[in-house]
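The following pair of complexes shares a single chain, chain A, combined with chain B in the former and chain C in the latter.
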Partner chain A sequence: MSNTKSLLIVNRHAPYDGMYAKEAMDAALIGAAFNQKVSVMFMDDGVYQLLREQAPADIRQKNTSLTLPMLDMYDINNVYVERASLQARNLTEENLLIPVQVIDSVQASELLGQQDIILNF
Partner chain B sequence: MKYTLAIYGAPYSSQAPQTALSFAKSLLESGHSIYRLFFYMDGVHNASAIAVPPQDEVNIPAEWSALIRKYDLDAVVCIAAALRRGIIDKTEAERYEVSAHNFAEGFTLSGLGQLVDAGIASDRLITFGP
Partner chain C sequence: MILHTVNKSPARSNCLKSCLRIAPHGGALMLIEDGVYASVNNTKHSQLIVDALTRMQVFVLEPDIKARGLSGLLIPGVSLVGYPGFVELTQTYDTVQSWY
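On to the complex of A and B.
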């Protein structure tokens, strides 16, 4: 496939609420493997996917946060978190496992508007 | 225009498949083309060959199969999402040595790369559900 498109993966579900976190990560990495311009945004309960020190073994789930560093390995450097979603959950960047760009809701809206493809999870 | 529809919802749990089905029919009747139907997450249940709703209700999986046959559509079901939910074809049933298979005619099991490929190749990618 010769042309390059911008692909935004939007994460809005808490981790371990179904397969969303895992499937979103799969889609992001495949987009990168297809040489597309991939960005990832976390908003609403999706910000919980980024928390440090997740311990889901007690509920018989795999720790999806362990795959977050894969984004950097696949050169996906545009990782965004919506500020209001963090604030509403009393979280700051200090609570997050990987470096992110915190954006406000106007910037989030602009980001959505700039994309060729948006996949919601 | 060339469209791809990504269907994430299961029939009878979500309105997404019915909306996608109606949208697909409208597209094709209006002269647009469908590059691919991609069934992901709970949407894989649309590819069940053995759904038997009551006679006075719509059989959504059967309607998909009919539409796929009529227009010779490319209908891909995410293999990882399907297998973990018990949607499986004969080949995979033999590979994993399970006693039955239930994959509807016209659909194909393949990987998530087919969704990304479809996004690149289509003018519009529209998601239905979750």
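On to the complex of A and C.
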């Protein structure tokens, strides 16, 4: 029996709203380090985690967006963003720091349905 | 006059809507923390602030804008203030009402 499972990390919180963004990234990278099949999805205010040019020094927080390129380094290539969440915030892929796959709500539903494990942040 | 502060994203909470039922009748609005997402232009929620601006001053805490990468995305007419400006506003207005 294979020990590899599909793991989806769902991000729905804005970047400096508690520790959600950091903990989601930790979970994704740990999953990848243990050779699991990791996907990451951003929706609702979670899409704000991907914005370019975050500069939180003045609010005494760490820039969580700086760790986003780690996803690629850990070979996590399945990074999804729900289109309606971008549109509701007047954002496009050009506003985002890393390459993503923009998916509609039907595709998001299919993505959720394909997983062995879903972790929500 | 009252300074109303809102610190929650309009997508996650009704704080801003509740505040804006009351605040324009003699007060100003100060958006802080995730409340600053309401000041981004052409979003699903920006009309709330566009309407508010016709009746009251709307201040936004600049360090929270910079932290979130929102510079350049704001509704025209909102006023950026830093931490010292925020402190001054709390002294200028009679009371501070926090919506959180």
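FYI, the second predicted complex is superposed on the first by the 119 of 121 C-alpha atoms of A that agree within 3 Å, B and C clash if a C-alpha of one lies under 4 Å from a C-alpha of the other, contacts with A are read in each partner's own complex, and residues count from 1 in each chain.
Note that a contact is a pair of C-beta atoms (placed from the backbone, for glycine too) under 8 Å apart; a residue touches a chain by one contact, two chains touch by 3 or more.
Every value quoted in this text rests on a predicted model; they were computed, and no experiment measured them.
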{"item": "Clash or fit (per the criteria above) of chain B with chain C on chain A", "value": "fit"}
{"item": "Touching partner for A:D45 - first (chain B), second (chain C), both, neither", "value": "second"}
{"item": "First, second, both or neither for A:L112, with chain B first and chain C second", "value": "neither"}
{"item": "Chain B versus chain C as contact partner of A:I98, first or second or both or neither", "value": "neither"}
{"item": "First, second, both or neither for A:M73, with chain B first and chain C second", "value": "neither"}
{"item": "Chain B versus chain C as contact partner of A:D17, first or second or both or neither", "value": "second"}
{"item": "First, second, both or neither for A:P56, with chain B first and chain C second", "value": "second"}
{"item": "Angular separation of chain B and chain C about chain A, which is computed from CA centres of the superposed model and rounded to the nearest 10 °", "value": "90"}
{"item": "First, second, both or neither for A:Q36, with chain B first and chain C second", "value": "first"}
{"item": "Overlay on shared chain A, then closest C-alpha pair between chain B and chain C (Å)", "value": "13"}
{"item": "Touching residues (chain side chain A, partner chain C) in the complex", "value": "14-17, 44-45, 48, 51-56, 58-59, 61, 65, 88-90"}
{"item": "Interface residues, chain A side, partner chain B - complex", "value": "1, 3, 5, 7, 18-20, 23, 26-27, 30-31, 33-34, 36, 116-120"}
{"item": "Contact footprint of chain A on chain C as seen in their complex", "value": "9, 11-12, 33-34, 37, 40-44, 46, 63-64, 66-71, 73"}
{"item": "Contact set on chain B toward chain A in their complex", "value": "6, 40-41, 80-81, 84, 111-113, 115-117, 119-121, 125, 127, 130"}
